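One structure coming up, written as structure tokens, with questions to follow.
A, B and C are the chain letters, set down in written order, and residue numbers restart from 1 in every chain.
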């Protein structure tokens, strides 16, 4: 077997494995009768290293042997292959945020009164972490519950100059009524 | 971004993915503002194809896009990386697969009619699990049986770009012709 | 009609001979046929006896077996001597039954069909209303055999194709170690309003919750005033107003202060008659970090921040 064929086999094996192979593991690919010595394999690995010097993948020696790896500087693009689908906020979170926006400052139990269900800690935490909501103070009633208000960051993220840019509650309610009317009409 | 950088990114992504990527999938690695057009990507893929012409891996176009694969002639050595001998598929499975490939969409009972024996559930399951076959719909007859079709994955796994790459089925002789032959034989 | 199909030996071939399993002790008898021990395979079977089981197991059904018989005897598929093939076929079926193969139904169906074809071949072919002879009874069998054979070939072809993981391998390299920052979900204002619509229509259904139609600027101003008072003990009343906002701004601020007083969130104090008014937040100091989010061990699964999907 000539060195070029040998190099192709080593190259193919490293890419097929997708992990590091030691020189012994490479030697084991060959029948005993045709097994290249460690020295020849090492020099072919050096040749491969040079072949890939300017490519998008490179041959690297790591603890367990040699492996091809994607060059680090293309990482920002390549990692997009595994981008997760962006998460979606739940309806409960959006309702809570809307109530804080329209009825601030508002306590959690006031939100719960209007929504008719409890508001989870996870939602409040997410809104605080996202910096859409802040604690504006505490209401002086038993338990001193936090009063929630929206932030400037919230206005920025929703492209609003001020809360006054939010549509008036009345028109939203009209929308809801119109939708309900249409619904009712459709069922007549 | 210059073409060399772009080529490195495509190369890195194809090796990192370890599966075929379509031109659209490659485009999606880039922000909209810097997204290369399909033509530039295609010409870089052609350049990569040429770069790897004499190497142990090659760039191949299959049904779902482009991928690097180990060159066929180094396969015998490379397959020694894995202890297990790769399984061969049973004739029953291959015949079922052939019927789905050539006659899709096809129901299980249509397959059974042609093969003259029932198709085991295990075979259908294996084909579905292997992702060579999918349920493309249901036939609008009593019982609404599933209609099976082959997948892109099937084409990829057999190095095919499309179903048209499968050879044409042997021609079937016309019944009138057969009848004439039989007639002739009978009168001899 | 070909002479072979007239062989008399097949006159009983529709009848499956009585076959029973060989007792394991008797290594020489293969099966009992019609009460007689069968110690050797029929001469016209083309397989060595010890391979029988494996061999029969490899047939993919009656069509496959029939094709084998036709090929083994070098017969043109278009000119099947039905009687001879039927005889052969039944020998195999008997052996399969003897070996307890659990696939007799399909094979027996084929046996019956072959028998029918044979009997029709023995009779003069009926002539239909147009004066044409009825189609050759073998035509349908031939069509099915041909149809099956082409897919058998197609299957062999697929098997000969290089298959990923068996004959060739996809190349893969270690992916770069690069963590993408996780982007938080984007929300459209529209979604927020839709959520509000929902909650308001629900609130309307549940008795008495009045979500009053206060102007937003008032609510926003209330938050701003609370913010301003935060961390300060007393703030002069006049500091809560900004002349640059004009008359409307002053009115909004004033209404906001009244609303805050009404809700018990601030106190307005006056040290002496005619002294300056001071405003103090009744709300406690907000310290983001020690915010008690409450014990939510009973957190409802329905009330998560993110959709499960």
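The working rule: a contact is a pair of C-beta atoms (placed from the backbone, for glycine too) under 8 Å apart; a residue touches a chain by one contact, two chains touch by 3 or more.
Chain labels with UniProt names: A, B = SMC-Scp complex subunit ScpB.
Given the structure is predicted, the values throughout are model-derived calculations rather than measurements.
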item: Centroid comparison with chain A (C-alpha atoms), farthest chain; value: B
item: Chain occupying the most central position, where position means C-alpha average; value: C
item: Centroid spacing, where centroids are CA-atom means, of chain A and chain B in whole angstrom; value: 32
item: Cα-centroid distance, chain A relative to chain C, in whole angstrom; value: 26
item: Whole-Å separation of chain centres (CA-atom averages), chain B against chain C; value: 19
item: Where chain B touches two or more other chains, by residue; value: 12, 15-18, 57, 68, 70, 75, 78
item: Residues of chain C engaged with two or more neighbouring chains; value: 169-176
item: Contact footprint of chain C on chain B as seen in their complex; value: 12, 15-19, 57, 67-70, 72, 75, 78-79, 86-89, 91-92, 94-95, 97-99, 101-102, 114-118, 156-160, 166-167, 169-170, 172-173, 175, 178-179, 181-183, 185-186
item: Chain A residues within the chain B interface of the complex; value: 7-13, 15-18, 21, 25, 28-30, 51, 55-57, 68, 70-71, 74, 77-78, 80-81
item: Of chain C, residues touching chain B in the complex; value: 1-2, 58, 60-64, 78-79, 103, 106, 110, 135-136, 138-139, 142-144, 146-159, 161-176
item: In the complex, chain C residues that touch chain A; value: 169-180, 182-187, 189, 191-203, 206, 209, 211, 213-217, 219-220, 222-223, 226-227, 230, 264-265, 281-286, 288, 291-294, 296, 299-300, 302-307, 309
